[in-house]
Structure formats: C-alpha cells, structure tokens
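Below are two complexes that have chain A in common, paired first with chain B and then with chain C.
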Partner chain A sequence: MQPDKLLRVAKWEVTKNAGGVDKRTIVVMALSLVAMGAVAAIAVSGGTGAGMDDGIYRIGVDESSPYYGVAADDRTFDIREPDPTAIERRQQELLYRGSQLQSVPRTAKERAALAELRDSTAQYNDRTLARDDNQTAAFPVSVTLVYEQQSGSSQLDPRGGDSSDGSGSADGSGTSTGGSGDGSDTGGTGGSATSSSGDGGTAGGSGANLGAIGARLTGDVQGGTPSDISPPFPFESLVLAFLYIVPMNFVIQAYGSSMLSERLNRRGELLLVTPASRGDIIGGKTLPYFVGAVGVAALITAALRFGNIAPAGSYVAVLAVVPLVVLFLSATFCGAMFARSFKELTFVTVTITVTLTSYAFVPAIFTDVTPIALISPLTLVVLDLTGQSVGLSSFVFSVTPPLLTGLVLFGLGAGLYREEDMFTQRPIPLKVLDALAGGINSRRSALKMSIILLPLVIVAELAAIAFLFVLDSVSLNVFGTNQSLGIVLVLGVIVVVEELAKSLHVYAGYEHARYERTLRSALGIGALSGLGFFIGEKGLLIARLSDLESLPIGEAALQGATLPAGLPLWVAGLLFLLPLALHTVTAAISSVGASRGRRAYLGGLVLAIVIHFAYNFAVVSTLV
Partner chain B sequence: MSDDRPIWRDPRVVVARRDIRSLSREKTIVLALLIQLFVAGFSSFLVVGLTSLYDPSSVAAGEVEMAVTGDAREELEAAAAEQDGTSVTAFENETAAQRAFNQRRVDAILRGDYVPSTRGPGEQIAVTAVVPEGSIRSTLIVVEVRRVLSGLERQERLERTPYLDKPPVPLPDTVSASQYFGFTYTILIPLLLFLPPFISGSVAVDTVTEEIERGTMELLRVAPVSLLDIIDGKALGMVLLAPAQVLLWLGLLSTNGIAVSNPAAILLFITAVTVVVVTLGVVLGITLQNRRPAQLLFSVLTLVLFGGAVLLPEHPATTVAKLAVDSPTLLTYGHVGGAVLVAVAGYAAARVYIGRIAAEAL
Partner chain C sequence: MIDARDIRKEYGGFVAVQGSSFSVDRGEVFGIIGPNGAGKTTTLKMLAGLLEPTSGSAEIAGLDTETAEMRQQLGFLPEESPLYEEMTPISYLKFFADLYDVDPDVAEERMHDTLDELELEHRDRKLGDMSKGMKRKVAIARSLINDPDVLIYDEPASGLDPLTTNYVIEFTEQLAKEGKTIVFSAHNLFHVESICDRVVIMNEGEIVARGDLEQLQAEYGHTRYHVYTTVDVPGAAKENGTYERVVESMEAVETTRRQAENRGGDVVDIRTEESSLEEVFLNVAEAGTRGTRYVEEDAE
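Up next is the complex of A and B:
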C-alpha cells in the first residue's frame, strides 16, 4: 500500500463527487439540513407540545370533577362529555362524576387509561402543590439518596467482595437534611448524594454528573421530594447515541452507493488496471468517508463542549467513535461488494444500520449499571461527555473488538475486489462463501481463517451478553440444574456463533474445491480449524480487562477462556486442554459434513452445535 | 394508448410487475421483512427489558427488603405496607440496620427523622435512603424506594390538608394494566407501519437511478412506452409493496393478541403516505440521475418531512396510533383525507414535471 497512490484515489473520490453533485443539489441539501436542525430544535424545546400519545384515551368528565384539571393538563387524554352510553359503545374509556369513577374498567384499553390517569394525578398534585403557600405541608417529605457498596456476596449483585466501611454513614443523617435542601440547586438526587455522604463511593459522583446533564437536557429536574428520585437511567446516553449514530447512516449511504457504482457497467475496471494496488483503491475510496464521519463526530463533540451542554467532552469521545465508524464503513463495504443491485444494497444498508445501531445502543443504555455497558464504545463517549475518566483497560476492552471486526470485514470484502468477482452477479450467500474462500490457499488456511474470523465471534458474543443479561434474573430449570434464562440463551448463541465461525470457511473451501473431499482430509481440516479457533479464543482474555466475568452471565460466556484460580495443576491442565479437544472434535464433525455437500454440512453443523452446547452447559453447571 | 389491451398488458402494469419480480428474485423482500421484524422485536425488547427493571411486578424479581429506622419509622412502615413488592423490617438502632444492609439481609435502608422544615415553618420528615450501588437490581430498588416514599408523602399530605390552600386530588385506584399498552400503540405500531413507506420510497429511488446508471433506461425507451408510463409503472410497483407489508403486520399483530382497529382507514392512510414518499423518490431519481445524491437527499428530506409533521395539528404517527387504538376524532379522519389529497395532487404535479423532461436528456 503506497500512501501517495492512496491519497490520489482519495482525492479523485472527493473531486468526482464535487463534480457529480451540482449546485442545486448542494443548495437543497443545505436547506434541508437547516430544516432538520430547526425541526430538531422544535422537538427538543417541546415548542408545539404535540406528543405521540396525544388523545389516545377518552375520558368523560365535566368541570365539577377534580379530575377535569388532571385530564386537561395531560394531552394523552381527550376530554368528552360524561355519557354512560358512550362507555357501552366503547367510545369513552373512563367516566367520572365528581371524584367517583362511574365506569368499571374491563378492557385492556380502559385499564391502561386508568393507570395513566393515576400517574397524571400524582404529577398534577405535585405541580399544583408547588404553588401552595405552605410548602412544608405541600412537600412534607424530603429525600436524600445515597448509593453504597454492600459487602458480602449475592447472586443478584455480583459486585460484592470489596467491603465498604460498615456503619460509616450512620452519622450522616444530620448532614443529609442539608443535602436534600440544596439538592434542587445541583439538579438531581444524585447531586445531593455526593454532598451528604462522604463514603458513598463512586456512584454518587457519577450520579451527580448524570443528573446535571440530564437536567440540562430536559430542564425539569428538581431535587428533594420523593417524585424527584430517578433510577440511574441514563437518559442522555439515548440522546447522545442518536446524535453520534445518525450522521453515520448518511455517510454509509453515500459510501455504499459509491462502492456499488464501481461495480456497475464494469466501471471499476478502469481503476483496477491502474498501477494502484487493491489496498490503495479501497483505502483511497474509503478515506474521505472515514475522515468525514470522524470529522462530524469531532464537530458534534466540539459543539457539545462549547455549547456548554457537555463541557467535559474531549478527544476521548472522538477516539471512541472511530471503531464504530470503521465498523459501519466496513460492513457497508462488504454489503456493496455482495449486493447485486441498488435495490438490494438499500436493504443491506438498512440491515446494517439497524444491527449496528442496536449493537452500539443497547449496551450504552446501561452506562451506570454494569461493565456490560463497556461492550459498546458509545459508552466511552457517554462517560467522556459526562466528565468521568475512562481507564485505559476499559478503553482497550471497548474499542478493540469492533475495530478488529471492522478490519476483518474490510479484508473479506477486499477478497472480492477483483475483476472476476466484482462484475459477476451472484446471490448474497454465495458471495459470502466467495469472500471466505478468497483467503484459502492450502489446508493450513483452515487454521488461519478460524483465527481471522475470531473478532467477529467476539463481537457477536459480547453483543449477545449485552442483549440477554437483562434476562439474567429469570431463572430456568433445565435438566435439574438451576440456571438463569439469560445464561442458557447466551450459551446457545455462543455455541451457534462459534460453530458457524469454525465451519463456514471450511464449507466455502469445499465448495470452491480448495480442499480434497476425502474423510482424512476433512478430519485434518476440521482439527486445524478447531485448533486455530482455540488459539484465537485465548483472545477472549481481553474480557479480563473489564469486570465482565464478575457477572454470572459473563462468567458463563467466558468459561474456557479463563481458569478458576486455586486448582491443582493436573486439573488446571485438564481444564486447559478440554476446550481444545472439544473445538477440534466439533470442527471435525462439521468439516466431515461440509465435505459431503450442503445437506450433510447442515447436519454436521447441528450435531456439532448440540455437542458443544452439552459440554458448555455441563461445565457452567458444575463450575459456576 | 390503445384501449383493446387487457389491463395486465398495460405497459404500466408490465413495468410494475417486472420491478416486483426482480425484487422477489433477489429475495430482498424477505430480508426487508426480517429487518422490520428485528426492529419490532428489538424495540419491544428494549422497552420490556427496561421497564422490567423499573417494575418489580413485571418480572418475578422477588420482593425488595427494606430496613426502616429513625423517629419516623412507623410512618415509613405504614407506607411500605401498602406496596406489594416491598417488605420492611424496623430497626431500633442504625448500626443494626447498616449491618443488615452490609450482610445483604436488606436491600435498602430508609432512615426517617422529623426535622425542622427547610421550606418554611413546621416539621418535615427527612428520609435518607441508602441503596446498593452499581448493580442491575439497584434500579429496581430505587423504584421501590420511590413508591414507598411517594406513599408516605401522600399520607403526610392528607394529614396536613388543613394547612393546604386546596386538597390534593385523590389518586384513582390501582388496576392491573398492561404497562406496554401505550407503547404498543404509540410507538411500536407507527414504527412498523411507517417503515414500509420509507423502504418503498428508497427502493423507488434505486429502481429509477439504476435504470439510468446502467443505461437500461434507453432500452426501455425503445419499447413503445412513454417515459411517463415507465415512471407510472415503477411508482405503482413500489406503492403496492407498502400496503401489502402493512397488511402482513396487521395480521401478525392480531395473532399476537394486539387488536388493531380501523384497518381500512390505516391502510388508506399508509398508502397515501407511501404515494407521497414514492413520488419524492421518483422525482429525485429522475432529477439527479445518480443514486448517491438522490438517495442521500431522499433520506434527509423524508426525515425533515416526518419531523416537520409535528407542525401539523396531529402528527401522522399519532394519526396511526389513534386509528389503531380506536380513539379517532374528526381531526384524525381529516388527516387521512388530507394525506390522500396531498398524495393525489403531489403525484399529478410530479407527472406534469416528468412530462416536461426531455426523455433524451436521461
């Protein structure tokens, strides 16, 4: 790869675009971006007040009823004349005379309406009482929330072990009242937690920051009364996630179009015959979009920082976005290499958007809660913007898997960036096999491919953990062992992903006649593939960098990669070698299947998955 | 155009059929449906997952054990007794409560004391709530703590009513209601139903620009059809896709026990929206002739349109929600009618515009 050639391709990519887009388009584009900004501003400021749930419940109430004001203040309700026959005709959900509910809520809608009315009444009371002269009677209870470490161990709270200093905060009651008093200034109950308790631990601090930024974004947080307590739900991470992810979707759309149009009418041939190498072309064509996407992220961070919304934003946030950009671009690149037409590319792009957005988004929701959050680099962005420091090991844990995955995807796509593949039309699954077979030369390639595909496996497994750990508290009785539903599902996902990663490239190799179709060769290739995976799997040790294994679900997912301490040497050795045996055996089974055609491959794969699952489940049940 | 041809030989219908067939050959429709299924599953997972963190009754997460201490512990105990998901133990002294917390015998400590009010004359109850840090369960515990303390606040307000200007409005009784009811109708259903129009429009951009970029538009032009016929056919194919998907969704939802009312009105509304979006896509495709700028502009403009719709008296998503939940008003039907008008007028205007374009320029 030569930098000057790469830069020349990049320059060409940029100028070709500038020439291809006329001034009118640019003007329309600029205008619509301004309009979008205006719409976003209106939506954020709540200027119009129109909500999605306006008027979905109809309540029959007249002005004599105390609930008239409640319903009038909540746009979810549509106020009608009280009419008992309207209830029977299902044209009203609730009927009030005075303060008495006259209708009996039966249908799901009527019950939901009543529950909604209860919530609005509580809010209405808080609002009206805030104007009352006697504030002591209006708000007779003041609250201070203190987050504290519990010592000892519990299945549900895995963060045990590090003991906190017992009754340290027992003398805090005097100060805490003061704390709650000025809680309204700091703008969050988390804020009062820090001011009152010296030993509240780190969560108090983070709560303060999040509360503050939440207050700035919503503008309605007050401290002190029970209704002001909010669970550590990082509202801002939702907003920020969209802020950083949305521009990426526009970038990948342009990038995908550009890449696919190279494949139309053999246009890409012109570039392929130049002295520039494949890497130069792909790198050069990707660079402008990469720079653009990272540039937008930098602009957003700068705007947040100098717009005083998140004054703590720094280069860390921009760096954390880089792996996401690489992941989006690489997935789009593969999509553009696989797709047969623009129409197909549109569907592929939508799939990529949805999948990667959820990958970035779901873990980031739990920013405050667990190490799960670190699976998504977006969490680093949230942490950085809220002014919390990001440790190096957390950074590496969060950034490495997506970055490597992106590079692997670029490599797979690049395997197709050549004359004989670029201009042929094949269904996407066959193209995937083509891309995999591109890296296979000899039998030893099986080992190499298993290792290369590992980042994909890790990202998929981490995503599965992030998605399923919510179910961790649901317990399930499988074969007499008491495992949580989350663990069982995670094991299932992991087994499927791993077996696919070990065998799909073997199948591709057979389909492309890279391997001999003999039993001996199939067993050998399977064993090599399993060995490669085993070596690569030690890469999962990266999870040690975070506290992921401190959660039962994380521990279940990572078993085999890390060894429990304090075992006799021979047991440790056995535990070390058992996974090797397992991976080799299951890979050999699916490999033998792959050598005998598609049906046999599927059969072999299923058998391998079953064996693998049984093994994993047994290990988790005995060790965890 | 000669009139003796049967309808299925009409060039517009032929073009539409050809486009739809090419889609189904690529199996991308299946992919699109899978994506939408994923989006629906994902968003409901997100909400179910998240709300279950907040609501102890939604998942069998067990009761929250609280230790109460301080002068106001009796009031706290009474308030906690009203909550289902909570059980309390009173502790005479704080060290014992703290020990129970550290040994995980209780999930939270509530320490209530009567103190002079910071808000004016009189006394208030200052509660310090200690909750465990940094676990998924702490969210649930905080929610329970809030419930108990809100109950305490209500109780205290009731006792102090004589001092208030106006008594607080009594809370309606609790009922067992699905907490996902509002979400289903106001977010999930509109999300599902607006995705097909968007995809249809996006594919309309593709189908037009692809013909132009590949140079196959010229081949089509050699056939005895006008440019308008081709565009009509392409638009027709894409417009038909959306209601078909909407019907599929409505069927799927009703088999899942989510009743969607007014299906005919919803179908009409979504079709009208699809016509508007597809018209936009076709016009952009014809004007820009290049997928990249056309597609980019299409997504930006659709976003602006959808976002800008908050300026309407009722957002289109709310229109769909109100129709689906069976709370339509005159305004809702007005929006459906308005959408149909806009669709017809928009498409007529687009036809005039396309008719003026010299087909040779493509």
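Up next is the complex of A and C:
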C-alpha cells in the first residue's frame, strides 16, 4: 500500500462527492439538521418552550395568597383577579382567598385544575425547601436508596462504587435529592438516591453520574421525596448511546452508495488499471468516511464536555468509537461488494443498520445494569462520559472483537475488489462464497480461514449472550435436566455460528474447485478447519478480561475457552483437548458433505450441529 | 514490446480464452478481431493487468502485466466510457494525472493539448451532461494523460456516430504515427484494415488466424477479376458502354475472352480486386476453428 496514492484517492473521493451535491441541497440539509437539533434541544430541555397546556386552567388568586407563587410558577395556570361570579359563569376553574379555596370543584376540568395545583404546590415546596439554608430542618428524614443487581453482581469499574464525595446527589433515574448527607458507598452499578441529615451530600454509584447528566439534559434538578422514588430507567445511557450511533448510520449510507457506484457501469474499472493498488483504492475511498465518522464522535464528545452536559468526556470516548466505525464501514463495504443494485444495497444497509445498531446500542443502554453491556464499545463511551474510569482490560475486551471483525470484513470485501468479481451480477449468497473462496489456494487455507473468521464468531456469540441473558431466569426441562432457557438458546446459537464458520469456507472452496473432491481430501480439509478453529477459539480467552463468567449464561457460553480452576492436571488436559476432537470431527463431517454438493453439505452441517450441541449441553450440564 | 505466452482464462468451467500467444513490436498497431464472445475483450484485459490469466503469462516492456510499474506505462480504453459523471473533464483528468504521478504543470499542459487535438469544447461542463462522443473523447484523453508507451484500446469507436468514429480512428492513427504501440479491437473491420499492421482473428476463445493483411488475404481471401468486354457475354452486366463480368480464376477470365471473341467482340480491360478483411474474417468464421491454419509461425 502506498500512503501517497491512498491519500490522493481519499482527496478525490471528497472532491468527487462534493461535486455530486449541489449547494441548494447542502443548504436544505443544513437547515434540516438545525431544525432537528432545535427540536431535540427543546425536547431534552424538558419543554421549557411554549407548551400546549399553557394557561388551560384559570385561577382567581391575588398576590397576598400563598398560592399565587405556586400558580405563577406553573404555566398551566392563567392567573385572574378573584371573582366569584366568574366561577358561576364558568370563566374560572379555581378561586382562592388567602389560603382558602372558595369554590367547590364540580366539573371535570375544575377537579383537574385542583389536582394540578396540588402537584404544583408539592413541587413548589420541594424547591423552596431545597433552597433553605438549614437543610436538616428542611429534610429531617434521610432515606438512602440503593438499587442492587438481581444476580451476577459485579462492578464494571473498580472505582464505580467509591464515589462518595459529599457533594450533592442524584439517583440512577435522573431524580435527585437536595439536602445534606453523610455520604454512602453504594458499591454498585444500580445507582442510588440519598437524602440524609448529615452534613454532606452523597452520590450513588455509577448511576449517580448518569443521574447528574440526566438532570442537566432534562433540567430536572429538583424532587426527591420518598413518593417520587422510582427504579432507575437508564434514560441517560440511552440518550448518550443514541447520540453516537445515529451519525454512523448516515455515514454508511453515503459510503455504501459511493462504493456501489464504482461497481455500477464499471466506473471503478479504470482505477484498477492505474498504478494504485487495490488497498490504496479501498483505503482511499474509505478514509474520508472513517475520518468523518470519528470526527463527528469527537465533536459530540467536545460539545458534551464543553457544554457541561458531560464534563468528564475525554479522548477515551472517541477511541472507543473507532472500532464501531470500522465495523460499520467494513460491513457496509462488504454489502456494497455483494449488492447488485442500489435497491439491493438499500436492503443490505438496512440489515446492517439494524444488526449493528442493536449490537452496539442495546447493550450500552444497560451500562450500569450488567457487565454484558461491555460487549459494546458504546458502553465505554457512556462510562467515560459519566466520569467513570475505563480499565485497560475492559477497553481491550470491548474494542477487540468489533475491530478484528471489521478488519476481517474489509479483507473479505477486498477479495472481491477486482475486475472479475466487481462487475458480475451474481446473487448475494454466491458472492459470499466468492469472497470466502478468494482466500483459499491450498488445503492449508482451511486452517487459515477458520482462524480468520473467528472474530466474526466471537462478535456473534457475545451478541447472543447480550440478547438472551434476560432469559437466564426462565427454566427449561431438557433431557431431564433443569436448564435455563437462556443457556439453551445461547448454546444453540453458538453451535450454529461455529459450525457455519468452520464449514462455509470449506464449501466455498469446493464450489470454486479449489479442493479435490475425494473422501481423503475432505477429511483432511475438515480436520485442518477444526484445528484452525480450535487454535483461534483460544482467542475467546479475551472474555476473561470481562466479568461475563460471573453470569451462568456467560460461563456456559465460554466453557469451550476456559477451564474451571482446581482440576487435576489430567482432567484439565482432557478438557483442553476434547474441544479439539469435537471441532475436528464436526468440521470433517460437514467437509465430507461439502465435497459432495450443496444438499450433502446441508446434511453434514445439520449432523455436525447436532453432535456439537449434544457435546456442549453435556459439558454445561456437568460443569455449570 | 508486448509478449503474451499461452494466456488462458477460465470462469468456473467456461473457457473464455484458450491459450493464446502473440507478440507485438514497439510502434506496431496490432488488431484483434472476432465475433462477439470470441475472447477479444478478455485478452485485452489480461494484457492490461485487469484480469489474472488462469495460466500463461503476459509481459509489457519486460514487466509482468500485474505490476504497478507496467500500469504506469499503459493507457487502457475500455469499450464503454465509465466516467465519474459528477466531475468535469478537467477535474477528472487531473484526478488520473495525480494517480499516475504526473507533474501538475505537465498534466495541465498535456490535458489541454490533448483536449484541443480532440476538439473537446465545454470543458467546465459535468461529464454527466455530455454526449457519448464527448465522453469518449474525455476517456481517450484520460488514456493518454500519463503519456503511455503502450495503448490498449477496446472498440474505441463503439457506439459513436460516423463523424466522431472517423475522428477517433484518425486520432488513433495519429498516435500510431507518433510511435505508440497500440493493441486495438474493433467490430468495424474497415477501421482495423486501415490502421493495423498485423491482425489476429479470434473465435470461441482461440486465435484462428493471424498475420498482416496480405498474408490473410492470400490464405483466406479470394482474388476477383473484373473482365470488361465490348460484347455481351454470359453473366456480364452492362457498365458504361462495356460489359463487366466478375470471375474468380484465370481460367474463367480465359473462358470469358473466348466467349467475347466468338461473338465478334474483345476484352478491353481486366482489373483485379483483393478480398477485404471483412471477407477474410467471414471466411475464417465459416471455416470454424477446425483445421485452423496459421499464416505465420506461432509466437514462441
């Protein structure tokens, strides 16, 4: 690869696309973005702008009444001169003289107005008390609320629970308490709300940080009586993760379109006859979108930091976004190499958007709820923005699988970036086989391909764990054993993914006449594929960097990669080698099928899946 | 300058080109002709390094066709003109000049000179708004932006109107006179005949004939004799006060002379006409691939 050529292609990619959008469109897009930003700002500001219910209740109250201030602070009330005849004429809903209600609510609207005034009075009192110099008198009763995890509790961050600093407080749901407290160590990820009669405020665990951001985002800095307490909803994680994931989806649309347009009408053919290499062309065409996506993430982080919404935001948040950008772009690149038309590309990019957004976004919402959240690098972003430290091991665990997967996908797509594959109109499944076959040139390629594909396997398996762990508590009677539904489903997904990863490239090799169709050859190729997978599978040890094993479902999923402690050496050795035998045998079965055509391959694959599942289930039933 | 040794290309089970060998000398214009699907474009793309031969090898100026050094010396013009339609001709040519490491000042001068020669107007117009002929001229200018020694042109006049076609062919002829080595394919055999020094005829992925035009005519063509007489003879047509009969052998010429004398007339003129390349091509195509006779020795 020649960096100068790559940069030239990148420069012209920007110039070319800039020329493809006229100025009017740019203006319309900019105005649309500003409008969206304004609407979002109003939404997160708690609707401080004009509201639809402004002034819907008319209240007769004079300035001497204690309710005057309450009504004045609530925009739903329209303050009028007290007038008993106005009540009769139904021109006022409520009438106060001093602190006494002079009218009897008879209509539904009058009753609603009274209920609203009572709520507003409670909030008015809370705000008044929170401003009082003597907080002990204002809040004589202190309640410390700690949300605990139901199972598998573990701190994401070693410093997560040690956040008592005596300076104000907030709970995980965005509500906060005024008052003074003596601090508390909530030790957890659930967040806490504290109000105490001590002399210092408290903060909860990591949830407290989120609450603080939520408060800043929504303007909700008051509240905190026991009746207001509700379990925390990770609204802030959701908002923060959303902020970072949405721009990526726009970037991949432009990227996919640019890549596919190189293929349509053979426009990219002429680049291939220049001295620039395939790597220069792909790298150059990808670089602007990569820089753009990472740049947007950096801008968002800077805006949150200097807008004082997430003052703790740092370069860690930007670095954590990099593997996601690589993953999104690489998947889109592959999609653009596979699709035959813009119509097909639309279908592919929607699939990519939904799949990868789910992978990245959903776990990050639960940043402070479960360690599984760490499978998504967006969790690191949320942790960083909320002022929680991100350990190196957590960082490596979170970013490595998507980064490697991205590189593998780029490699597969690059295999098709040549004249004879770029411009063909083969269906997507055949293109996938073409991409896989591109890396095969001898029997030993089977071993190499199984190792190369492992990052894809890891990402798929971690995603399965993340999405199925909620079913951990549902029991299922399977073969007389009482297993959780979550574990059974995760095992099923893992087995299917692994057997496909071991056999699909072998099938592609046979379909492209790279291998000899003999039984001996098929057995040898299968064994090599199984061996490659076994070697690569040890890469799953990366999971030890996380706390996934603290969950039963995580332990079940990772049983192939890690060994229980304290086993005799020979047992440990046996358990270490058994997976090798398993992978070799099952890969050989599907390889023999692949050597005899598509139907035989499917048959062999199903048989391999059944054997693999039985093995995994037996191990899990025994060890977990 | 160009040396193709037994290059073969297979797509799955389909053989697009079966082991072709030929060589092209420096400054030579070499034509490849054949019916659709004969393997011409595949051969040209293998020479340009776009397609990797399944077996065999090709070199240009002693360099493997898949190396960047070789591509630096090559100008390739595909059958279609797939341009970036949102760019102007100038920005498009600058982009490729940049990729070929052409000095910006040199590139500027070269692109304007070439576009002047090609008489391309509206250089600030976007390529998407240009006619097919104008786009073709930009594509030709692109193939010359790096001042290549070797040009590989696949149907350079494909789909163009007669006027533009003639212009493109004349321009290509001019390039040949400037010393460029050109490998050229075209459906219009008149163009090939007019500018090519040597020709190979391909059919079903195989070279079935090769040589210069005279050799091909001698092997596959026919010589026609136009015999003009003062009296009518069987098979003759009246032509400007004389009678013309077209025959294909000297024996038939003698027979016609005797027939004219028997009727009190005489032969006033005999003219010969050689087969066109088109006729040669049709004869070769009719002969099929069986019993292929090469005019010259196979390239080593």
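In this section, the second predicted complex is superposed on the first by the 454 of 624 C-alpha atoms of A that agree within 3 Å, B and C clash if a C-alpha of one lies under 4 Å from a C-alpha of the other, contacts with A are read in each partner's own complex, and residues count from 1 in each chain.
Rule of thumb we're sticking to: a residue touches a chain if its C-beta (ideal position, glycine included) is under 8 Å from a C-beta of that chain, and two chains touch if they have at least 3 such contacts.
No experiment lies behind these values; they were computed from the predicted model shown.
*Asks:* Should A:Asn265 be classified as contacting the first partner (chain B), the second (chain C), both, or neither?
*Replies:* So A:Asn265 meets both chain B and chain C here.
*Asks:* For A:Glu420 in the superposed arrangement: first (chain B), second (chain C), both or neither?
*Replies:* In the superposed model, A:Glu420 contacts chain C only, not chain B.
*Asks:* Have a look at where A:Val143 lands relative to chain B and chain C in the superposition and call it first, second, both or neither.
*Replies:* first
*Asks:* Which one hits more chain A residues, chain B or chain C?
*Replies:* B
*Asks:* Considering only touches as defined above, state whether A:Ser341 meets chain B (first), chain C (second), both or neither.
*Replies:* So A:Ser341 only meets chain B here.
*Asks:* Please indicate which partner A:Leu456 is in contact with in the superposed arrangement: first for chain B, second for chain C, both, or neither.
*Replies:* It touches nothing on chain B or chain C.
*Asks:* Using the superposition described at the top, list the residues of chain A that contact chain B and also contact chain C.
*Replies:* After superposing on chain A, chain A residues 17, 20, 265 contact both chain B and chain C.
*Asks:* List the residues on chain A that touch chain C in their complex, please.
*Replies:* 5, 8-9, 11-12, 15-17, 19-20, 265-277, 418-420, 513
*Asks:* Give every residue of chain C touching chain A within the complex, in rising order.
*Replies:* Counting only chain C, the residues touching chain A are 11-12, 45, 48-52, 68-69, 71-72, 74, 76, 78, 80, 82-84, 86-88, 91, 95-96, 98-101, 126, 142.
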